[in-house]
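Consider the two complexes below, in which chain A is the common component and chain B and chain C are the respective partners.
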Partner chain A sequence: MMSCYLLDTLERLHSHLARVYQIVQPLEDVGQSAPPLVSPKGYFFAEQENLFVFDGECFRETLPQPPPFVLFGVQSCDLTAIAYQDQFFARDPYYQARRQQALLVGIDCVTPCEHGFCASVDAGPGVKAGCADLILHARPEGGWMLMVCSDKGGEAIRGMELDQMDDTELRARDRRIDDCIAAFPDDSHLHRGIAAISQGRVPDQQWQQLGIQCLGCSGCTTLCPTCSCYGTRDLSEDQGDIRRQRFWDSCLYESFQREASQHNPSEEAGERVRRFWTHKFGDNFAKTFGRYGCVGCGRCEQTCPGVIGVHSVMRRIADYAPDDDV
Partner chain B sequence: MPRTMMSESAELLSLTPSVAELLDFVDDGEATRRYRFRLRDPNAMATPLPGQFFMLSVPGAGEAPFTFTTVPDREGIFCGLVRRVGSVTSALFECRAGDLVGVRGPFGRGWPMEQLAGQRVLIVAGGCGLAPLACLIDQLIAQRPYRELALVYGARQRSLQMLDDSRQRWAQQVPLFDTLDTATEAELGGALLGTPLELMDDILLRLGWVPDKVLLCGPEVMMNTLACFFVERGHSPRSIWLSIERRMHCAVGLCGHCYLTQHDLSHHYVCRDGPTYRWDSLQPVHVALPE
Partner chain C sequence: MVSQTTTTICPFCGVGCGLNLHTEDDRLISVTPQLDHPVSRGQLCSKGWSSAYGVDLRGRILHPLIRTPRGFRQASWDEALTTIGEALQQVLNEDGPMAVGIISSARATNEDNYAAQKLARAVLKTNNIDHCARICHSPTVAGLKQTLGSGAMTNSAADIFETDLIVVFGADPTENHAILGGHIMRAHLAGTKLIVVDPRRTRLAKLADMHLQLKPGSNIALINALIKTILDNHWQDSEYIEARCEGLVPLAAAVANAYDGVERTTGIDLETIREMARAYSKASRAMIFYGMGITQYVSGTNNVIALSNLALVCGQIGRPGTGINPLRGQNNVQGACDMGCLPNVYPGYQAVADLAARDKFSHAWKTALPEQPGLTSLGMSKAALDGSFRALILFGEDPVITDPDQNQERLALSKLDLLVVAELTMTDTARMADVVLPAASFAEKSGTFTNCERRVQHVRQALPPPGEARGDWQWLAAIARQLGSDQLDWSDSEAVFREMAALTPSYSAMSYPHIDEHCGLQWPCSAETPDGTAVLHSNSFPIGRARLIPVHPTEIDESADAEYPLLLTTNRLHFHYGCGSMTRKSPLLEREIPPGLLFINPADARDLGILHRAPVGVRSRRGYLETCAMVSEDLPPGLVSMPYHFREAPSNQLTNNAQDPVTKMPELKACAVAVEPLPPGRVPRSMDQLNAEQGGIER
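So, the complex of A and B:
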C-alpha cells in the first residue's frame, strides 16, 4: 500500500522539489485533460544527440550529464510509455544517463481527452504505481492527494511535513478513475482491430490501401511516445573532430530500410504501414514487453494528415476480426 | 524500485567503436577489395564465429556492417571484403594504409557449426554472398566435421567473382562449382554457364549425393528461389539456412532499421537475431516468393 498525503497547493511541492531538481513541466496546466502534443520521450531518448567524438586518434564516448530533474505532472499514457521505453532502452547508456537523473511525478486524469483511449490499452487514466515516483490527484473538494510510490519519491518529499490521508481517500480516487473509464466512448473498433492485427487477418490489399494514405511525413512516429527508431550520421566539428550523432528516424520513410545497393525490403508503403501497426498492436510485442506498444494517447490520430491515425485505421480493419472476438 | 521501472542490474551497451588501423588492401573483383585491419587493442573484441559481423566506422562518413572473412588473430589482425557501393564504402576506398577506422563487434548469430557435424553439406553463394561464408568454409575444411562438403559459387560475370585464391584453395579439398550468368566461351573456363538455380539439378547429379544441410548466402531472390527448390524436392525447411542482409545503424537491436517480420508475425532484428536464419522461421511472410 502506497502512502498518501494531503497537499494544499502544487506550488508547495514545486518549490520543495526545486531545491534538488530542475523542474520540467510538460503540461501547460497540470490538471488539463489532453496530453501535451509532444510526448516527454525526448527527455530520455533525445531527438538528436552525440554518441561519440573522434579526435583523429581515439573514439571518446560522449554521455549526457544532465542535472537531477523532475518531470512534473505527466499523465498515465506518457508514464506507461516511459516504463515501456525503460525496458527497450534498458542497456542504452545515453538513455539511462538521463533516466537515472529523473524523478517522475504523475498526474491522474479524471476526464477522457478527445483522442485518448488509455483505458482500452491498460495505460490509464489513473497513474499506475509502477510507472511514477509520485502521483498527484486533484481532489474535487480542493487540494491534492500526493501518493508516494518509490523510495526515490519518498526521499524527494522528505521534510515537507504533510498530513497522511487514509484509505477512504484512496477509495474515492479509485471511484473517480472508474467514473472516468466509464465516460470513454465506445472502443469496440480498437478491440476488434487489435484482434485482426494480432491474428494476421488483415489482408495485404487493405494495408496497401492504407499505405496510399501514408505521406511518409513521420508525424505519428515523432509524436508516438513509444516509437524509438533512430538513424546516425557523422558531423565534422570546426577543430577537425568528428562526432557521431543519432537522431529520431521513422520506419514509415520510404528510405528507412533501403540499403546501399538500393535493395529495399519494405519498398511498399503498405508494408511499412503494416509493420508500424503490428509493432503497436502485435501480440508478439506484448509478449516481449508485457504490454502493447500503444498507450492510447491518440496523438497519431490528432496529427496524421492522411487520416490514418489509430482510430481511423482500427475502424477500417475492425471487420477482419473473427466474429467471436467482439 | 517498482517492477516496471528500469532495472539497474542490466549491463550497459557501448556504441563507441574501438580504434583499428587499416593495414593494407588488395583488389578482389570489380570495385571490391579485401582489407586487412589491426585492432589497436588486440583484446578489444571477443572471437567472432563464422557468419558474425562487425560494424566499420570510417570517421566522417559513418558506419556500416561487414562480415569477417578472417577473424582477429592474436595481434588483432582481421580481414573484411568490401565492395564499393555506398557512402561508407566509397570513403573507405579513399583511405590509405595507416589510416584509422572504428570497429565494433562481433554481432549477430553465426552459421550453425554444431549442426554440420557428420552431415552432407552444400554451400551455395552468390556474388558478395561468398564473403559471410568464407570464414565458415575455411574452418570446415580445417576441422572436417562434415561427411561431405561441396561449394557452388554463382556470379553474374567473371569480373564480379571474388576470393579467387580462397576458391582455388578450397577446390583442392572439396568439389567447387563456379557458375556464371553470362560468359563468352573464353571467359567460361571451368565454370558452368547459368545461375545456381538453373544448374542445381545438374550439380546434384554430378555430386552424386543429396545434401542434408544447405547453407545459402547471396541476393535475396537467389536464396528464396533455391530454398524453394530444395523444399519442393522434399528437403525439410529446417535443413536450410541463409544469411540475410539488412541496413543497420546500431547492430544491437535498437535503431530499428534491420527489422524483419517472421512468419508468426513476431518481430526480429537481423543484427541481433540474425543474420543467419533457418528457412522455416522466415517463410512465407517476409520474402517475395519467386514468380
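So, the complex of A and C:
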C-alpha cells in the first residue's frame, strides 16, 4: 500500500529534492494537461551518443556519468513508456548508467489532452504505482497529494515532515481519474483498429495506400516515447581516433533495412508503415513486453505531416476489425 | 551545464518551418518543431529534423584559406582580406567595374543579401549581382511582374485549408516543400479536390482526383486548350475580367486554334482537358501551386504567363483560397530577390533603369551608382570565358554542382583572376577558389528569412560561429573596408534590417520586434497594411489592371531522336537539398540516397535490358555519367529522371544550357539522352573517377 502525504506547495518538494538531485522539469507547467512536445526518452536513451573511442590500440569506454537527477512531473503515458524502455534496454549500459541516477516524479492527469488516449491503452491518465518513485496529484481544494511508491522515493523525501493522508483521499483521487477517463472522446476507432492490426486483418493494399502518405520525416519515431531504434557510425577524429556513435534511427526511412547487397525487405513504404503499427499494436510485441507498444500520448498524430498519425490510421483501418469486436 | 533553447527558422526550403534549437554548452544537441508556428504547426520534414547534423563542426571550414600551387594554406583574416582587396583593385583599375561581380545566396539572410548587393552597387560600382533564382524561379519574377505586377506567391499557406480545389502544376511539393505538401494532403483528405499536372506520377498524383500526365514541355499547349475550353463554354468570370483585366480579345484570338494537335502534343485527351477546365473555372475558390516543371524550360516565362492567364480569366486571383502560387525552392530565395540581388533591380524591385529609383538609392547611400545593367550569373560565366569578367565573390552556392552544364561552369570559374568563396564546408566550387572564407551557418547568426508566402521571419543565433567563421554581411563589410569604404559598417543585423526597410516600400513597416510579435510578417507591410498582407491583389494590381498576354507553345530545345532516344527530366528527393552540402552530413539522410539515381519506366528498362538497381551509363550531347537504374512506374515510357543533388552522378553533366530568352533560365527539365546497361556487377564510376580516367569532358 502506498503511503500518501499532503504537500502544500511543489516548491517545497522541489527544494528538498534539489539538495541531492539536479532537477529536470520536462513540462512548462506541472499540471498542464498536454504532455510535452518531446517525450522524456532522450534523458536515458540519448539522441546521439558515443559508445567508445578506439585510439588504434585500445578501446576507451565512454559511459555517461550523469549526476543524480529527478524528472519532475512526468505524465502517465510517458512513465509507462519509460517502464517499457526499461525492459528494452535492460542490459544496455549506456541507458542504465543514466536510468540508475534518475528519480521519477509522476503527475496524474485529470483532464484529457488533445490527441491523447492513454486510457484506451492502459497507460493512464493516473500514474501507476510501478512506473514512478513519487506521484503528485493536484487536489481541487488546494495543495497536492504526494504518493510514495518505491524505496527510492521514500528515501528521497525523508526528513520532509509531511502529514500522512488517509484512504478517503486516495479514493477521491481514483474518482477524479475515473471522471477523466470518462471525459475522453469516443475511442471505438482505436479498439477496432487495434483488433484489425493485432489479428492481421488489414490488407497490404490498404497499407500501401497509407504508405503513399508517409514522407519518411522521422517525426513519429523521434517523438514516440517507445520507439528505440538506433543506428551506429564510426567517426574519425582529428588525432586519428575512431569514435563509434549511435543515433536515433527511424524504421520509416527507406534505407532502414536496406542491406549492403541493396536488397531491402521493406522497400515499399506501405510495408514500413505496416511494420511501425504492428510494433505498436501487434500481439507478438504485447507478449514480449506485457503490453502494447503504444502508450497513447498522441504525439504522432500531432507531428505527422503525412496525416497518418495514430488516430488518422486507426480511422482508416477500423472497418477491417471483426464485427464482434466493437 | 548550460542548456538553452533558441527559436529560429529551418534553413532548408521556402516553407520556412519553425525550429527550436536545443544547445548544451554551445553544442547543438537536438532540434524540435515549434508547436505554435503559423505554417508548420509542430511538424518538420526529414531535412528539418536532421538540421542538427548540418551544422555539425566536422568538415567545417574554420579559417580563411589561400590557394598556393601546393593546395590551400591557412591564412589570417587580415592576409585574406588584403589579398582580396588587392586583386579586386587591380581588376577594377585595369578593366573597370563590369569585370567584377557577386553571386549571393538564396540560403543566406535578407541582411546578408542586402549587404551583398550594396557592396556590388555602392562600393564596386557594378550591377553584376545575382543569386541562384536564375535556376529556380526567375521566370516567375519576369512573368508575374508583367501580368500582375508582382512575382511572389499571391496567397498564403493557410489558404490551403480554405479552398475548394488545389491544382498542382509541375511541382512536387511533398518532396520539395514537404510541410506544404503535407497540408495539401490533409486538405485533400478532408474533401478538397486535387488536380495534379505533371509528367511524373508524383506522390500527390497518386492521391489526386485527377492526374494529367502531360508530355514534358507541353504546358502552354495544355493551358491554352484549357482557356479555349473555358471561353468556348462561357465559363470565364466576365465580371472580374471586365473590372480587373485587359487583353481578353487578343488572348481569345490566340487560343482559338489551341485544340489543333493538342492531344498529340500534350498526351492528354480533350475530354480530360474539358473536365479540368470545368473543375477549375467552376470552383468557387481554386488555388494553383506551381514549381520548376513550369519554370525550368526555354519557355519558362511564357509558361508562367500562360498560368496567370488561366487564373485571371476564371477570376481566381485576389481572394482567400485562390491565387497563383510559385513554390520557391530555397529557404530565402524570395528574400534574395526582394533584397535586389538581381542585376536589374534594387531592393523592393525598384528598377535600376528607373532614374528616380537610382537617385533614391544614390541619395541614401551618398554615392553615385552605376547605370549600366548588370550580368546574370550565367552572363558572368560567359564573360569569364572570353576574359572580360575577371573577379567573382560567391557565397552559399555550389554552382559547379547545381548549375546546368557543369563542364562549362568549371571552365569559366577557372578563367577568373580572383574567385572568393565563403562556405561552411569544402564544396566543389570552394575547391576552385583563390581565397576561401569560413562562413557562419544559420544557427550561428541572426537575421531574417522570407518564406515562399512572403513571411519575413526571425532567425536567431543559437551558437557562436566556430573557429574564425563570420556571418556573411560581416565579411562583406570587411571587404568593403579593405576597399576603403564604410558603406557596410553596421553595428548589428537589426541595423542592416532598419536601413533596408527604410528603402524597401513593401518592408517599410517591419522591424525585429514587430516581426517577433506576429510570428513573422507577410509583405507588403507598410503604413497602409502595418500587420502585413495575407492575400495579394485583393482590390487592385500593382500595375492597375492585370494583363492577359497571349503566349504560344514553344517546343523543347532538344527532343529525343535516334541517337538520344530518351528524354531526361530532373527531380528532387525530399531528404536532400541543393548540392547536399548540409543534408549529406546526416548519416540518416546520407543513407537515404537511393541505390540508383536514374529513374526509368519498366518498359524502357526491358527494351534496353536494364534490371532494377543495375549499373547504367547515361550520355547526352554534353556529357556522360554512370549510376544505377531505379525501375519505376512513376515515369512514363520515353522519360527518365534524375535528382540533381549528388556529386557522384550530377545530372547537370547532361542537362541542356538552352535558355529562356527573357530570363536566361536554362532548360533543366528536358534534354535528350541515351541510356545503356553496363556489365552486370560493375560499380558505376563517380564523376571524379571519370574525370581522372578520361581527362574530363569526353568519355
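Here is the rule we go by: the second predicted complex is superposed on the first by the 326 of 326 C-alpha atoms of A that agree within 3 Å, B and C clash if a C-alpha of one lies under 4 Å from a C-alpha of the other, contacts with A are read in each partner's own complex, and residues count from 1 in each chain.
FYI, a contact is a pair of C-beta atoms (placed from the backbone, for glycine too) under 8 Å apart; a residue touches a chain by one contact, two chains touch by 3 or more.
All figures in this text were calculated on a predicted structure; none of them were measured in a lab.
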item	value
Chain C versus chain B on the shared chain A, clash or fit after superposition	fit
Where the C-alpha centre of chain A sits as vertex, the angle toward chain B and chain C in the overlay (nearest 10 degrees)	80
Touched partner set for A:F89, first chain B, second chain C, both or neither	first
Touching partner for A:R275 - first (chain B), second (chain C), both, neither	first
Partner chain(s) touched by A:D249 [first = chain B, second = chain C, both, neither]	both
Contacts of A:T303 with chain B and chain C, given as first, second, both or neither	second
Partner chain in contact with A:A182 - chain B first, chain C second, else both or neither	neither
Touched partner set for A:G231, first chain B, second chain C, both or neither	both
Touched partner set for A:G42, first chain B, second chain C, both or neither	second
Partner contacting more residues of chain A (chain B vs chain C)	B
Least Cα gap, in Å, left between chain B and chain C after the two complexes are fitted on chain A	9
Overlapping contact positions on chain A, where the chain C interface meets the chain B interface	231, 233, 249, 258
Chain C contact footprint on chain A (complex, rising order)	37-38, 42, 47-48, 212-213, 215-219, 222, 231, 233, 235, 247, 249-250, 253-255, 258, 262, 302-307
Interfacial residue positions of chain A with respect to chain B in the complex	51-52, 54, 56-61, 83, 86-94, 96, 99-100, 128-131, 149-152, 198, 200, 228-234, 236, 242, 244, 246, 249, 251, 256-261, 263, 265, 275, 278-279, 282-285, 290
Touching residues on chain C, where the partner in the complex is chain A	29-30, 32-33, 35, 42-46, 48-50, 58, 174, 178-179, 181-182, 185-186, 189, 203, 206-207, 574-575, 587-588, 591-595, 613
Residues of chain B that touch chain A when the two form their complex	1-7, 10-19, 57, 59-64, 85-89, 100, 102, 219-220, 245-247, 249-250, 252, 254-261, 264-267, 286
